[in-house]
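Two complexes come next, and they have one chain in common, subunit A, joined by subunit B in the first and subunit C in the second.
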Partner chain A sequence: MAQEIIAPLAGKVLQLNIAVGDKVEEDDEALVIEAMKMETPIYVPCDGTIKQINVKEGDEIEEEDVLAIIGKE
Partner chain B sequence: MIEKLFSLFKTSGIFYLTPGILVMWAVAFTLIYLAIAKDYEPLLLLPIGFGIILANLPLAGLMDPHEGLLWKFYHYGIQWEIIPPLIFLGLGALTDFGPLLANPGLIFLGAGAQAGVYLTFFAAHAIGFNLKEAATVGIIGGADGPTTIFLAAKLAPHMLGSCAVAAYSYMALVPIIQPPIMRLLTTKEERVIRMKKSRKVSQLEKILFPIISTLLIIILVPASAPLISMFMLGNLFREAKAVARLTHAAQNELLNIVTIFLGLPVGATMNAEIFLQTKVIFIFFLGLFAFAVSTATGVILAKFMNLFLKQKINPLLGAAGVSAVPMAARVVHKVGAQADKKNYLLMYAMGPNVAGVIGTVIAAGIFLTLLK
Partner chain C sequence: MRPYFEKMAEFGHELKKGQIKRTEENLNQLKEIEAEIQGEVNRVKTAGLPVEKINARGQMTVWQRLEYLVDPGTWCPLHTLYNPMNNEEGTTNVIDGIGKISGKWAVIIGFDNKVMAGAWLPGQSENILRVTDLAKRLNIPLVWLVNCSGAKLPEQEKFYANRRGAGTPFFRHAELEQLGIPVLAGIYGTNPAGGGYQGISPTILFAHKDCNIAVGGAGIVSGMSPKGDFNKETAEEIIAKAKEFKAKPPGSVKIHYDETGFFRYVFEDETEVLDGLKDYMKDAPAYNPIFYRVAEPAEPKFSVDDLYRLIPLEPKRVYDFDEVLARLTDSSEHMEFRPDYGPEVYTGLCKIDGFLVACIGNRQGYLGKGYPEYTDYPGMGGKLYRQGLIKMNEFVTLCGRDRIPIIWLQDTTGIDVGDEAEKAELLGLGQGLIYSIQQTDVPMMLLLLRKGTAAAHYLMGGPTANRHNAFTLGTIASEIYVMHGETAAVATYSRRLVKEKEAGRPLEPVIEKMNKLAHEYYENSRPLFCAQNGLIDEIVPMSDLRKYLTAFAGAAYQNPKSICPHHHLILPRIIRG
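Entry: the complex of A and B
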């Protein structure tokens, strides 16, 4: 089972707190994006392991982009 | 020889310093301090603060009609209505109407928050301001600096400085003024309402929007033409994507240059005789009242809309109807995130926020039509 981290709004990736292979828990801060000059954290939606990351720091992202994929145990 | 030295000494300004001038210096230093140390709207409060010092230097004559340097900036820039519309050209090039077009229903929130403008207008008139002055004080509640300056220059130039300072200081204080009002008027259940995914807005819609709104708004309220026309032209530059150089210039070089020439003469209108009056205290109180009422009516209107909507909207969005862009939208997002950290209201709030800018300009246009 896999679940995606979806961008809830457009912005720029300021900080990436996850790496492939990381074990994460629901509500961990996965990344921080900057939109309208404000930092907004994006949270992990479920417990699991990071399978894939599609962005790096500095990337511009659009709303609903798939930012990362989490493998659920 | 000593006599010569003495007469040189007398042509210096020292003999002409008054307590009023010293008080104005203190006001100027406070604004400069707030701008630098507290980051309160530094792009405006810093030149305004310095402008106040320059206007309160005896014998320097920087504001002498037809002669003084700052008088020329003021006369040709602000009285001739050049600078505020140019600021709007830049703001238009920076504004994304996408969130508004994605949720057009939220445009009402931008209109609802103008109630503070009108209530304050009546309140100010009731306590002794004449109609033109009352309109200028009321427009502070729209939380839009250039519009406040534009209207003040036409209706009540003697209050321009204090109204501009009130508008810009309260804009910096939006994150402090708004949240308690927003929390007071909403329940936790309302604050956690998540918004329905926005629809995608096509480029064609974004190009048509500035053109059609120019036609509609200026035909309805012709007095809003100088600000609306420039605002929408800037936005058309942005959305057309065919004139990237012009968009860039409007957003950056031009906006920065006119910002310098906006703040300095606005500060320079504030000399001791004009500024140190009890009326100014009322302007600041009424300005705060206007901000608070606009926030409250925005939220209340959103709750009212929810009575009829199947898909409920988050009533916090109403507070974004004051046109402090994007501060009010950020505040909505933050208050929403305090209730539910995974609720991202920022982009939804930008809709009413940009609608609020248009709403304030229209409100100013209506005042001009009725009172000029």
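Entry: the complex of A and C
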């Protein structure tokens, strides 16, 4: 079963803390988005393994973009 | 009103495992900087002569007097690092704070007798002004530990005269007395001239047997009748007189107890003076807390130490304000006012030590689609928009009506800007909030969690609210500036960059200046700078913040100037609907 990490707001990917294949735990910091001069961390919503990442650092993203997909454990 | 306040809505959550893991570095950084600040505090505490030397003279230091006088665990120091004139002594030479004496809250201040026998120094009268203001705002007694050798004469031009100079504390004492606020003074040592007025201007004088207060001390009376210059003959006369007056200084207890009776009591031992103050404080005007408590006092459900993980040191990082507030309030409960309006601002009723307080704070992070409603760019917490400003205006006005003390928790990047924001009337609504504050008469305090920026710092209960702001606390993450340093550099040099570019000249010299300005902004907004210059009244370790809130609430309700019966409160009814 898979779960998506969705962008809650538009902005720029400042920091990407995950890679495909990473084992992650709920509430780990997946990435940081910069918008309106502020840094908003995006957290992993569940335990699992990163299956897919759709962005890289510096990318401009839109609200509700799918940033990554986690394979839930 | 028991059903409203005994059990309010719970808020906040336990820290999650991942949160604890990823915030370890933040916690360590904050604690490390707090330790550095503690080093500065220790430097002030050890300024001047060593404790042993003072004790060898049969005297206690001001710190020892405070420790004996104040109820254990209640001392909340203020202005410890305040040194606005950058005195070489590293202090304004008064030590002050709020604490309980004999179970009653008081504002307490004493001269540091280790430093030049408690002399007046530059910046001291500004320090005392904050202290007398505090007693006035909270309507609680002011207790002095007078031990003041008078003006530091080589620097008198910096502080002796002027509208807010060294004479103003005496007028402020008179003002407090007119308001019915007693000023109690324990008096030690030699207190000539200014020190004499420090001694005489309080309401009741408790003297140590070796103290004196005088219009002019031994130094002055030894050298009266100036002849234009000095020579060997006048020097010999001065020596003879100085010896005489040192042995028998003017204004001793023989004069001011036996003759004038200015000293109400004279005590043999230093501690007996403090016991006298304690005895009088037992009878100071103070309601039993049960008069005004709305519930039994209770600790927050979550540890205040979580704040080290919840408040990011990095100023651009967003966080959950409600989680912070839940670490400070009784039982982590609240009644939020208009949660569906103005999402960038939290307004709500909370309990501190069983007393009802109003809390106003900046929520952080993305505010959701469609907000602010007057434009198409996204709204971020920390910034103020139309709805948030309207909500604060309403809430403050209702708090004034209900006589509820207000705690502001500020972390703001300013008010929204641009023509859309102007059309949304933010300029008028901001000043409207200042008007709303001004027309209330409730004590307020400000806790600057992180950023105090631009006019939003003034609006949200800043120290500029002179008549209301009791004190402003900072944390180790606090910073105050008119705008971020990088923004200031752009505002200052953007046109210059364009000119240089169009003229074909190199941009590097301008870029260098921009970086320099940004760096200066950073340096001049640090917590230590803010504390030394009075932008905040104390840097408080995060683990002690609730203690200060408790002191504020307890003091505000100790002897309130005006009350609203609980069953007449309108705000909780508006919230419940």
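Methods note: the second predicted complex is superposed on the first by the 73 of 73 C-alpha atoms of A that agree within 3 Å, B and C clash if a C-alpha of one lies under 4 Å from a C-alpha of the other, contacts with A are read in each partner's own complex, and residues count from 1 in each chain.
As a working rule, a residue touches a chain if its C-beta (ideal position, glycine included) is under 8 Å from a C-beta of that chain, and two chains touch if they have at least 3 such contacts.
Since this is a predicted model, take the numbers as computed values, not measurements.
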- Query: So, A:Glu63: does it touch subunit B (first), subunit C (second), both, or neither?
  - Reply: both
- According to the contact criterion defined above, which of subunit B and subunit C contacts more residues of subunit A? C
- Message: If we overlay the two complexes on their shared chain A, which of subunit B and subunit C does A:Glu25 touch? Say first, second, both or neither.
- Response: second
- Query: Given the touch rule stated above, what does A:Gly71 touch, subunit B (first), subunit C (second), both, or neither?
  - Reply: neither
- Message: Quick one: is A:Pro8 in contact with subunit B, with subunit C, with both, or with neither? Answer first, second, both or neither.
- Response: both
- Query: Between subunit B (first) and subunit C (second), which, if any, makes contact with A:Glu39: first, second, both or neither?
  - Reply: second
- Item | Contact residues common to both interfaces of subunit A (with subunit B and with subunit C) | 8-10, 27, 35-38, 40-41, 43, 63
- Can you list the residues on subunit C that touch subunit A in the complex? 16-19, 21-22, 314, 316-318, 364-366, 369, 377-378, 380, 382-383, 413, 484
- For the complex, which residues does subunit B have touching subunit A? 197-198, 326, 329-330, 333, 337, 341-342, 344, 346-347, 350
- Task: Show which residues of subunit A lie in contact with subunit B when the two form their complex.
- Result: 8-10, 27, 35-38, 40-41, 43, 63-64
- Query: Residues of subunit A touching subunit C in their complex?
  - Reply: 8-10, 25-29, 34-41, 43-44, 63
